[in-house]
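The following pair of complexes shares a single chain, chain A, combined with chain B in the former and chain C in the latter.
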Partner chain A sequence: MSFAERMLQIDRRIIFLVIGLCTLIPLFYPVGLAIKVGPEVRGVYNYIESLPEGSVFLLSLDFDPASKPELYPQAVALLRHAFKKNLRVIGMTLWLPGTGMANEVITRVAEEMGKEAGKDYVFLGWSPGGSSVIINMGQDLYKAFPTDYNNQPTKDLAVLKDVKTLRDVSYVVSLAAGSTGIESWYVFGKDKYKFELGGGCTGVIAPGLYPLLRSGQINGLIGGLRGAAEYEVLIGQKGRAVAGMDAQSATHVAIIILVMLCNTFYLMLRKGQRRAGQA
Partner chain B sequence: MIFLKRQLPLLITFVTGIVFAAQYYVPHPASEEMLTSVTKWLQIIGGFALILGVTSLFHIHAVKIRRKEPGWGYSFVLYAGMLGTIVIGLWGNGKEVTNGTMTAFGWIYNFMMVPLQGTMFAILAFFIASAAYRSFRARSREAAVLLAAAIIVMTGRVPLGEYLIPLSGDLTQWILNVLNASVRRAILIGISLGAVALSLKIIFGIERSYLGGGKE
Partner chain C sequence: MPFDILFGAWVATGLTLFIFTFLYKDNPLFKLAEHLYVGVSVGYTIVKAYDTVVIRLIYEPMVKQGDWSLLIPLGIGSLMLARYVPKATWLSRIAFAFIVGVGSGLAIPRVISSFILKQVEDTVRPLVSIVGGSPSFTFSLLDPASNLNAVILLVGVVSVLFYFFFSIEHHGPVRIAAHTGIIFLMIAFGAAFGYTVMARMSLLIGRLTDLIEYAEPRYGRASLWLIAATVALLAAWSVKQRRQPAPPTE
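And now, the complex of A and B:
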């Protein structure tokens, strides 16, 4: 077996070790490289920044705990920004397994920012039906969610005063890990009820949402941990996302090096085989 | 019986399909009220679908346990996990926290479900790296183009990559905004046209597989 062949069949545990070290070392010894903010993330930030105090901001946390590392920091950054701007915040989820986590993040950030449940924010929870929940909210929000997550009648909540349907919401951001998510909010929500829509998503699905972004169907997109880190930079409150960027940098570079090495060995092998064939 | 099994569902599909396709273009209050009612039905049906899903899951795994099929132990774990969570969830009234104290249901959610799902997602990084090393090879010109694009985007999406190759950030933006967006848009249009065609086939009773098989 040639050297190239041996290198191509390297034990996968060595690769696991490299990735593990590339993740752990930067977390213990952060470098803090500068993070450039892209126009996609700035789109969401600028729109929230432009909203007057008391505007209604709906954050739909459409993800489950599997996507927590990427989307939870996005939620924290967006909520901090919205509360800092004194917006009325409505939280909800279209993903049943994410309900507890969504409630926890909204409650935690609200407490941190000194906001009161029912007056400054509300968490509506989850309701069955997927995309039809969006239409139902567009028709009558109180019928879609007669009570909030804490069983308080939504009609009595100060935060929902004059918010009868999605038409009364100034801005919706869906943080999505797949379907039901941003596309559903556009197709069943924005298109009919004419609110402005932004999105946040995992890095894997971000490229698939660029057509919506370029056509103006969403006015901004926070993609993956990088997007969350950019948002943290914009609001001036660095958190988990910025802390994780060094680890992500190192693992990306490690994978690039691994792919380059594998291709070098592959080309060496092919060249050797060609030579052997000619002989 | 053929009327109830075949013709009635086809008739309901045809009428509702036509009515609700037209409803979108009719902003009259009566039309909007009808939409409100029907979406509420959809939510209720969604709730029942959940019960149906759980029942089906229980049934499949009960059969596996009864027949002692390979891996039946996992089915037993699933049963224990689901039943345990349901009982504890009902006991805690479905709340993770009551009066500022975490319930047993909250404990299961926060210290079992959240870390387990997070772990499943996190180990992907290791498998992706291993798979990339083994199979991401420039075997053809097309594969070489894909490889080059992937390396540029991976470099341009992280601060270290932008620091080492400053041009990679702008190049990544161009790839995502121009090449990727145009191709994705073409795919989306294709999928949407397919969805429209399939919907028409279902509404007009040409596509009937959703009715299921069985004797007529």
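And now, the complex of A and C:
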């Protein structure tokens, strides 16, 4: 058996080990590689930055715990920015399995920033209907969510003063892990009720959302853990996303090297087989 | 540290490690964690849906606030359950017809407007700009609005459409266009795959970051103890597997 053949039949667990080490070592010994902020992430940041104090910011956490490593740091960074700007924050989710986690992140960041529930922010929770919840909110927010997550009547909340429908919301950001997310907010929300929309998403669905960004249907896009790291750099509060960027770079380098090696061994094997065929 | 947080850290660490054991090979620890994940997810969804829909949106408004108009959607929704009664199955069609009719009516015009008309509008951009009365051409690849990008976009869209045009054989200029389309498709698939790799690595980073955090003394060094326990259990299971006689061959 030739060297190339042996390499192509290597135990896959060795590759798992290599990737594992490439992730772990930078987490223990961070290098602090530079993070360049892209225009997509800057679009969301600049819009929030331009909002006057007291504006209504709706954050829809449309993901479940399976996407937590990518979207949770985005939620933390966006909430820190919004609370720092003294915006009125409305949290909600279109994904039922993520309700508890969404409540936890909003409550935790609000406590950290010294904000009061019902006055500075509210978490509405989940309401059935998927995308039609957005239409319902566009007609009457209080019918879609008669009570908040803690069963308090939404009509009595100071944070929702003068907010009757989605038309009264200054900016909506959907953090999405799948189909009921940014696209739904555009199709059933922005296109009809004319609020500004930004997005944050997992890396898997990011390429499919770039056409919406280019056409101006969304004004910014935070893509995956990398996007979260860029946002953390912009607000000047480095967190878990920035900490993970060295590991991300290391694993990417490892994967590129592995792909190149595999192709080299494959070409060597094919060349050897051709020679054997000619002889 | 509160007991619930400590307990949650130990459970999360243990289940993460059990799932990771699949990288060695399929084993009972992985199966335990997998079944727990499915069971807990479904259980959580049922409880939250019951609390939100049945209690908060139906029972409380009707009984406490006297909003009996909710009986109409409740009645239509209940017809779905007629599927379980063979003689009354036809009643469920009313509910399905309502859902399909309303869903299609709401979605079709909005989706056409958002995903077809808006995207066509964005694709058909001027290939040459007029600045100060004279034509100009911008070459920046980094600027999405540059003329060069407009040309690339146009070539990409047209060539990919040619590739998916199967009514005629791909010969001559059509073949060149179709092959150009393949190049654009490959670039798109490569970009999508690259993002997918990034996303999967992010998930691994997320779990490993948690494991590192839970190895701290304030969590009772959960990660370290549970790594030792998981490795011991996996080793014991492997030894047991090896000692078992091989199944008879026919």
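One rule holds in what follows: the second predicted complex is superposed on the first by the 279 of 279 C-alpha atoms of A that agree within 3 Å, B and C clash if a C-alpha of one lies under 4 Å from a C-alpha of the other, contacts with A are read in each partner's own complex, and residues count from 1 in each chain.
Here, contacts are C-beta pairs under 8 Å (C-beta built on N, C-alpha and C of every residue); 3 or more make two chains touch, one makes a residue touch a chain.
These figures come from a predicted structure and were not determined experimentally.
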Which superposed partner A:258 touches (first chain B, second chain C, both, neither): first
Touching partner for A:84 - first (chain B), second (chain C), both, neither: neither
Partner chain(s) touched by A:243 [first = chain B, second = chain C, both, neither]: second
Which of chain B and chain C A:132 touches, first, second, both or neither: both
Which of chain B and chain C A:19 touches, first, second, both or neither: both
Touching partner for A:104 - first (chain B), second (chain C), both, neither: first
Which of chain B and chain C A:33 touches, first, second, both or neither: first
First, second, both or neither for A:211, with chain B first and chain C second: both
Partner chain(s) touched by A:147 [first = chain B, second = chain C, both, neither]: second
Doubly contacted residues of chain A, that is, touched by chain B and again by chain C: 16, 19-20, 23, 68-69, 96-97, 100, 127-128, 132, 135, 192, 203, 207-208, 211, 214-215, 224, 226, 248, 251-252, 255
Parts of chain B lying in touch with chain A, wherever the complex brings them together: 24, 32, 35-36, 39-40, 42-47, 49-50, 96, 106, 109-110, 113-115, 117-118, 120-122, 125-126, 128-130, 132-134, 136-138, 147, 150-151, 154-155, 157-164, 169, 173, 176-177, 180-181, 184-185, 188
Partner chain A, residues of chain C touching it in the complex: 23-24, 41, 44-45, 48-49, 52-53, 56-57, 61, 103, 106-107, 110-111, 113-115, 118-119, 121-122, 144, 188, 191-192, 195-199, 201-209, 212
Footprint of chain C on chain A - complex, ascending: 13, 16, 19-20, 23-24, 27-28, 68-70, 96-97, 99-100, 125-128, 131-132, 135, 146-147, 151, 183, 186-188, 191-192, 202-204, 206-208, 211, 214-217, 223-226, 240, 243-244, 247-248, 251-252, 255
Touching residues (chain side chain A, partner chain B) in the complex: 8, 10, 12, 15-16, 18-20, 23, 33-36, 38, 64-69, 96-97, 100-101, 103-104, 127-130, 132-133, 135-136, 139-140, 143-144, 192, 203, 207-208, 210-211, 213-215, 224, 226, 245-246, 248-256, 258-263, 266-267
